[in-house]
Every structure is written in C-alpha cells, then in structure tokens.
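Some structures to go through are shown next.
In what comes next, subunit A is part of two complexes: it sits with subunit B in the first one and with subunit C in the second one.
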Partner chain A sequence: MTQASTATLIGWPRKLRVLFNVHYAEMMEFRAEIALWAVATMLPLIMMGVWAQAGESGLFPITRVQVFRYFIVVYLIRQVTIVWTIHHFEFLVVTGRLSPMLLHPIDPCIRFILMHLGEQLTRLPFAAAIVGLFLFLYPETITGGPEGTLWWPGLQNILLAIVACYTAFILRFFMQYALCMAAFWHERVAAMDAILFLPYMFFSGLIFPFQALPDPLREILLWTPFPYMVWFPATLIVHGEAPILRGFLIMFGWTAAFFILYRYLWHKGLKHYSAMGA
Partner chain B sequence: MPRYFNILRIFWSASISAEMEYRLNFIMAALSSVMTLAGTVLMLFLFYRTGYEMGGWPWRDALVVVGIFTFLEGTQSAFMTPNRTRVTEHVREGTLDFILLKPVNSQFWLSVRSISLWGVPNILMGLAIVAYALITRETLPHLAGVLLGCIALLLAVLILYSLGYLLSTISIWYIKLYNITMAMQALVETGRYPITAYPAAYQVFFTFVLPVAFMTTVPAQLMTARGGAGWLLGAAVVAALLLMLSIAFWRFALRYYTSASS
Partner chain C sequence: MPTVEVDSLSKTFAVADKQPGMLGTLRHFVKRKYRMIQAVKGVSFAIEPGEVVGFLGPNGAGKTTTLKMLTGLIHPTAGSVRVLGQVPFKRKPDLLRQITLVMGQKQQMIWDLPPIESLRVNAAVYDIPESEAKRRIDELADMLSIGDELTRPVRKLSLGERMKCELMAALLHHPKVLFLDEPTLGLDVNAQTAVRNFLRDYNRKHGASILLTSHYMADITALCDRVVMIHKGGLIYDGSLADIVQRFAPFREVKVELGGDVDHDTMQRYGEVESINGRIARLLIKRDDLTATINRLLADLDVTDLTVTDPPIEEVIGKVFDDGATGNDTNTPTVGTVQP
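Let's turn to the complex of A and B:
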C-alpha cells in the first residue's frame, strides 16, 4: 500500500463525520417538516389499537401487552428504516444535478446514506415524544409482565436488534436504490416505488404481527426480504424467538443481491446518462 | 352560480387532457389501488378467520367500512390532493397574487383547479364493495338507511375537504409544513376499520379531535341499520362547523399574506 492510499484510508472516518454533520445541520433546517414525518409514519401505532382489542379477545396467539410491545418497537424500527432516496434521486437525475456529484471523489451513494442518518437523528426526538405518549397511555407495556416485573428484553437481544435494525435500513436502502437506477431510463421512478411500497407495508409486519398469519403463508413470506425490514428486528426485542442465524443470513443475502444489482445498473446507467433528463 | 359551473367544466376538462399524457401512470395507480384493496381485505380476513368480530361488527358490515374508506381515498386523490399541494407552491412562488386578483372566489379556485384520474379506480372499487357487502348481507338493508348513509357519505367528503383545506391554509405562514396533509392522511387511516374496533382513548381522539369516526363508521352504521339518526345529525354539525371554519380561517390567513418571500 502506498503512503497516499494509507492517508486516504485514515481520512475516511473524518470525512464521513464531516459529511454527516453537514447533512445533520441541513436536515435540522427542516425539523418542522421532519417532525410531521414522525406523525405520518404512525400507521403501526394505529394498527396497535385494533390488535390490542383483538388480543384481549383471547382468539389470537398474542396478548394485549405483547401487542403494545410489538407495535411500539415496530414504530421505533420504522423511524430508523425510512428510506426516501428515490424522490431525491429522481430529482437529481431529471434536473441533471447529479452531474457535479459524479465529480466528487466520494460515491454519491455514501452521501445519500449519510443524509438519511442525519434525517433520522433529527426525527428521533419527535418519535421519542410520540412513544412517550403511548407509554403514558398504556403503562402496561412496561409493567404488564408476569408478577409485575418491569419489561427488560435483555442486553443481548437489544444489541442483536440494533444490528438487525441497521442491516434492515441498509437492505431497504439498497432495494430502493437499485430501483432508483431506473431513473436513468425513465422519468418517474418515484411512482414505481409507490408500487414496491405496498408489499413492504403488508408483508413486513408493519401492520400485523406474523403470529396472526396462517403457517404456510408465513413460511413463504419469510423467504422474501420484507419481514426482515420490520418483523425480524422487532421480534428479536419482543420475544427473542426469531430464527436468528437464518434471519441474518437471508437478510445479508438480499442486501448483497440488491447491492450487486445496483452496481450493475449504476455502471450501465451512467453510460446512458446525458446529464440533463434521461 | 352558472359561471362557477362553467369554470369547473373548463378546469376539469383541461386537467383530464393533461392527465391523459401520462397513461402509464394511470395504469400504475390503478394497479396500486387494486393491491392496496386486496391487502386491506386480507388484513380484515386475518381478524375474522379466528371468529373475532371487530368491535362487534360482522364481516360484511366491516367490509362496508372498508368500501367507504376506499371510496373516500379515491375521492380525495381525485379532487383534493392535486389542489392541496398547489396552495403551498402558489404561496412560495408568490403566484397566489394572480389568483387573488381573479374575479372568482379564491378558495373555490384553489379547491377545484385540478382533478386527477388516479382516484377513479378507488372510487369505483369502493362503491362496488359497499354494494356487494350490502346485497349479500343476511338481512337486506332498508332503502331509507342506505339513503341516509349516502347523505352521511357526502358529509364525510365535506369533512375531509375542510380538514385538508384548513391544513393547507397554514402554508400562508409556514411553507416548511409542506407535508402537513400527509400527517393528517396517516391518522385518517384509522377509518379503515369501525371506530369501535379501537381502544377507548383512540375512540375519543378520533371522534372529537380528528373526526374520523364521522367519515367512515357513521355512514356504514346508517347503511347497515346499526346506528341512530343522531349520528347523522352529529356528522352534519361537524361538517358545517369545519366548512365554516375553513372559510373563516382562509380569510383570516389572507390578511397575513404579503406576496412572494412571505
């Protein structure tokens, strides 16, 4: 390794930190709007209401307290796995503003990921306030365990869940980013993502716990990437009964597949890119 | 009055011809409507396959609620969403000036300027589900009930419109709240299921703070003969109040409008 390349290698953490700070500051400008996103992603908390009532009936393999725990965790996971890069990317390609980014020595993709992280950090306090409100309304989420013990998922589960959560974010990011590449050929890719959002919404565990599914359907869905974006990390915290090894393997497999697809389409797309419109 | 109808006709035929330029998008919107509806019905099935009845609503009556929600979703994306986003744009770019100078009521102009065909599949499917659920019910609903339900549905459209317009009016002061109607949209999702399927705290919030209960549960209640006419009266009061509030708030907000860069 030459001296110069060693220097750049050492410079990486600093560069990333600076870029992160820039994007965090930029996102703080939009904090009012980002706060609204914390509200706009409350679907799991709405579904929590329906499932809590259903859980009370005793007809489902999940109790009221488990429902509260599951959906509050799902809401938090949703907060760190929201990906919106396609709207931004479509704008950059259609207006040709991607061009200056291509001249930077850093791949634009790294910037986009840091933008998301900055946005997440901006949104987190608002999301925490919303979670606080629901914990205040339903304190049994914490105290509803057997013999009044307080809810504590265990350090190992929490650490695993955090790893799973950020892997989920990267998986979801590259799934959308691979689709973004279509922007080099087609003008309105964000509309395509709206279609891809539907299986994500219905099959990720965002609106129902997987226990409620008939077994064959659940088995099939567990091979798709969707449950690993929400259900898998959530289950690691809530029951700790998730198939850990298999889960992570499937997750990494899909992430790698989308990453390779993106790299392939990226190289093809850049050749097609005319810097102004597609 | 005839002048306003004439304007409406011109606006809508212009919007439709513009929309026809993007036929592929329409197909995708239709596809996404079908998939959403299929997902919603599957979701409902997950509850009912165990014999659970959501808030005491049998399967077909709950389907009526789903149908009404789908209809409202379609109405909203056909008539309301395309106009809502423009209010913010006009304020930001200062082009609201031109609209205020026109010899037409500005709220009318801003509320009906464009329509989108994207909502049409949802409107049709919503109505079809309501009709299917009502016809295949064990006891056929009374005609009077269905008619009252339709009136409640019109009131629901008014409530939805007024709430949306109230929120877009805020953009006179805060352009950065561009997505505020999206946040409301997320909360309105509650209306996909009967209000009694939710815990007490939710019921209070979605009846008295954000009147979602009046949008889907009340029309469905009347159609399936499970609610008194008192609820219809309630819906009428809520709709009238919100409409008047949206008009008054818009007039109030305009006093603070200082053209571009405000």
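Let's turn to the complex of A and C:
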C-alpha cells in the first residue's frame, strides 16, 4: 500500500465526519420544510385509524393495541428510510451541477448518503414530537400490555430493528439511485420514481400490516425487496416474529443487486453525461 | 513531458431538433429528429509545466467542451487527451487531486452555508490536514483580499465575492493544472485585477500550468504569453500572443499631422485612408511597405508629427474570428508552432 493510499484510508473517518457535519448544517437551513415533511409523512398514522377498527372487529389476527404499535413504529421507520436522491440527482444532471462533484476525489454517492443522514437527524426532533403527541393521545400503545404491563420489545429486538432500519434505508437508497442513472440518458427521471413508489406503498407494509394478507401472496411478496423496507424492521419490534436470517439475507441480496446495477449504469452513464450548462 | 497533451480531439453531440408550432410539437413527440453537432474537430496542442495559455474563441467555438474533456467530465468522440500522463475521463483520484476546473457559472460552494463550510469539505476530501488547511485558507484569503465573507452564507455574497471563494475552493489542494473557464466573468474592474494578480502569483509560486478562457482580452494579455484559438470547433492558431498581430494584422496604423489641411485624394496615394480631420490623417499601411511609405510621406509633405501603432489586439482577434466565421480567406489563419 502506497503512502498516499494509506493517508487516504486514515482520512476516511474525518471525511465522513466533516461531510456529515456540513450536510447536517445544510439541512438545518431547511428545518421548516423538513418539519412539514415530518407532518406530510403521517400516512401510517392515518391508516392506523382504519386498521384499529379492523383490529377491534376480530376479522384479522391483530389487536387494536398491536395496530397502534405497528403503525407508530412504521411512522418512525419511514422517517429514516425516506429517500429523495432522485429529485436531487436530476437537478444536478440537468443543471450541470454534478460536474464539481465529479472533480472531487470522492464518489458523489457517499455525499448523497450523508446528505440523507443529515436530513434524518434534522427531521428527528419533529418526528419525535409527533410520536409524543400520539402516545399522549393513545397511552394504551405503551400501557396496553397483558395485565397492564408496559410495552417493552426487548433490547435484542430493538437493536435488530435499528440494523434492519438502516439496511432498509441503504436498500431503498440504492434502488432509487440505480434508477437515477437514467438521468444520464433521459434527464427528467424524477417521474420514474412513481414506478417504484406504487409497489413500495402497497407491498412494504406502509398502509397495511402483512398479517392481513393471504399466506400465498405474502410468501411471494417476501421475495421482493419491498416488505423489507418497512414491514420487516417494524415486525422485529412489534411482534419479534419476523424471519430474521432470511429477512437479512434477502435485504443484503437486493442491496447488492441494486448496488451492482448502479455501478454498471454509472460507468455507462458518465459516457453520456454532457456536463450541460456553462 | 508536457502537462497536457491533446491529439486530434473531437466531440460530437446529438441534439434534438424541434420545429416550431403545434405540428412541430406533435412530430417531435412521435418521431424525434436529432442533428449531429460537431463541437470540437480534431484539436491538437500541448501545454508544458508552468505554462499559462490563453484559450480563445467566439461563443460556441468549443472552448468549454474542450475544457470538459480535458478534465474528464465528458468523453471525447475521437482523439486522445492526457493530463499529467493520465487519461482524465478515467477519473483516477490521483489525477483529480492534481487538477482543478473553475467554471464561471458553476459553483461548488454550498449555496445556503458560508464558504468556510465548503472549504472544510474540500480540505477533508483532498486529505489536507486541518492545520495545513487553515494555513492555506488564510493565505488564499489574504491573496484574494477576502475575510469576513467566509462566514457569511454564499447566497448573501456578491458575484465577485463568490467567484473569489470559488477560486479558493478550486485551489485549496494546490493543483498542478488549472483549467479556468471565464474566471473573471461578471466581476468589476477591481475584482478582475485582483483575480489576475492572484493567478499570476499562484502560477509563479506553484509552477502550475494554466489553460484560461476569457472574453476579456485584458485577462489574456496580463497572464498569457501563448494563445490557442479555436473557431467552430477547429484549431486556427497556436502560438505567441505577440505573433498574432504580426500574422493577422498585415497593416499598421499611421497617424500623420501636417502643417496645413490635407485632402483625401492626396493621402490615398500613401495608403488606405481611415479618417481625415483637418490637418490630421490616419492611414493603414502594409507592414512591408511601411519604411518606404513613411520616407515618401516625409519627403513629399509638410509633416509636423507622425506616430505608428499596431491595431488593438481585441480588433485583430475579432477580425480573425470574423474572417473565420465568414469563410474569408484573405487572411486565412494558420496554425503556428507550439511555444514551449
């Protein structure tokens, strides 16, 4: 290993720290907008009202309290798995602003991931306030355990869910980032995100828990990447009954597949990049 | 070994061609037509270490496209480029650490944060130790006369202040090769002078090679001994700045002041009359005939004062571009030799 490459290796923690700090500072400039995003992503809390009624009817194998817990966790997972890189990337390609990033000796992808992490940290206090308000309105979410015990999913489940959450974020990031590469050919790619958003919305567990699905359909969907973006980490906390090993293997498999696809398209796409503007 | 080697470089773009009106819109939607635009055609030149070269051409000549290929942002259609012995579009970190591109209208500054934050990012990604980065920031800020602006949001800075910060960001890692695309665009006269002085000092201090495009001839005359000129994508001149006038302006301007009023017919015998105002006449005289004609003027007329000047460089270069644009072969420019 050369002296230069050793220095580069040693410099990575500093690079990541500085980039995260700077992008967090940048996102804090948009705090009002990000607060509105935290409010605008309350779909799971709205769906909770619908499914709580279903839980009370006894038609589904979930109780009203389980519905509360599931959707409040889904809301939190959503806050750390939202990916908006396609809109940003489209802007950079169409305006030529990607060019300065391409001249830096660091892959722009790393910066985009750190921008998301900075945005998540900015969003966190607003999301926590919304969750706090919800728990104040529906205290049985915490206190509704058997014989009045407090709800505690267990440290192991919480840690596994956090790992699953950030793996879900990386999976969703690379899925969208692979689609971003189309910007090198077609420029306006943000609309293409709708192609992924529909199956994400219906098959991720965002608007209904998977327990409500027939077994054959659920089994098919569990081979797709979508349930692992919301349902899998949520279930680890709420029920602790998710297929842990299989779940993580499928997540890593899809993440690797989208990563390879993005790298392939990145190298092809850069040949089409016209660095427009100027 | 040259710092930059460009050999038969070409770039062709496919550009969608849409006719106006509703019919044009529908046709464009159903069957899109593309035109092939050859932005750069077989350009070759080389830049030696420490050399400052002006890269000139009218709008749309292919200057920026060439710079983008030299920095590896876009791939050439044909030909080859080597910068510091490497192929730029492979984007090897080792090369990226040694080059920079300043594009007048493209910022690498983060718009909503103070410039110091963008400089921190650059220091980190280029692995410049924090104490060394601070020293370089202070030094660059001093050279560019910038201070408090570093802690104000970029969006609150003037164009000139932003451009100075862009230069700081672009030079923080002490690149060996600078590609500068209109670095003084939109700056006031004082800021232009400050940037020129800064670039001259940087070149002397670090021995960096610089390829500079600018529509301000003052930038070129202040910094460059050599110019490369392109027109419609093709190279039309590569040589010293001083030789441009010699090569492309075969006339010299002679201002003659006489003892009494003079008429047009009399003066026409000595050269092309530019203007006559009472006792003062301005003539264009061929360089080859200059000495003989002046001798005749002095012998025939009551000359009280006489001055000989070259036409301004802007006019000469403008004429070269005009001739190139209209296909006028009277002064067909030729490629000069590369000045090391």
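Quick notes on this one:
Methods note: the second predicted complex is superposed on the first by the 276 of 278 C-alpha atoms of A that agree within 3 Å, B and C clash if a C-alpha of one lies under 4 Å from a C-alpha of the other, contacts with A are read in each partner's own complex, and residues count from 1 in each chain.
The rule is simple: a residue touches a chain if its C-beta (ideal position, glycine included) is under 8 Å from a C-beta of that chain, and two chains touch if they have at least 3 such contacts.
What you see is a predicted model, and the numbers here were worked out from it, not measured in a lab.
Contact with neither subunit B nor subunit C is seen for A:Leu245 once the two complexes are overlaid on the shared chain. In the superposition on chain A, A:Gly96 makes contact with subunit C only, while subunit B stays out of contact range. When the two complexes are overlaid on their common chain A, residue A:Leu150 makes contact with neither subunit B nor subunit C.
Judged by the touch definition given at the top, the superposed model places A:Ala25 against subunit C, while subunit B stays out of reach. Contacts of A:Ala40 after superposition: subunit B is touched, whereas subunit C is not reached. By the touch criterion defined above, A:Phe208 reaches subunit B but does not reach subunit C. Legend: residue contacts after superposition of the two complexes on their common chain; A:Ile195 is shown touching subunit B, with no touch to subunit C.
In the superposition on chain A, A:Val50 contacts subunit B only, with no contact to subunit C. Within the superposed three-chain model, A:Leu59 lies in touch with subunit B and out of touch with subunit C [touch as defined at top]. According to the touch criterion, the shared surface of subunit A, contacted by subunit B in one complex and subunit C in the other, consists of residues 30.
Partner subunit C is touched in their complex by these residues of subunit A: 4, 7-8, 11, 14-15, 17-19, 22, 25-26, 29-30, 96-97, 99-106, 270-271, 273-275, 277-278. The part of subunit B that touches subunit A in the complex is made up of residues 22, 25, 28-29, 31-32, 35-36, 39, 42-43, 46-47, 49-52, 54-55, 174, 176-180, 182-183, 185-187, 189-190, 193, 197-199, 201-202. Those residues of subunit C that touch subunit A in the complex are listed here as 13, 64, 68, 71-75, 89, 91, 93-94, 96-97, 99-101, 103-108, 110, 112-113, 117-118, 120-127, 181. Contact residues on subunit A toward subunit B in their complex (touch as defined above): 30, 32-33, 36-37, 39-43, 46, 49-50, 52-54, 57, 59-60, 137, 188, 191-192, 194-195, 198, 201-202, 207-208, 212-214.
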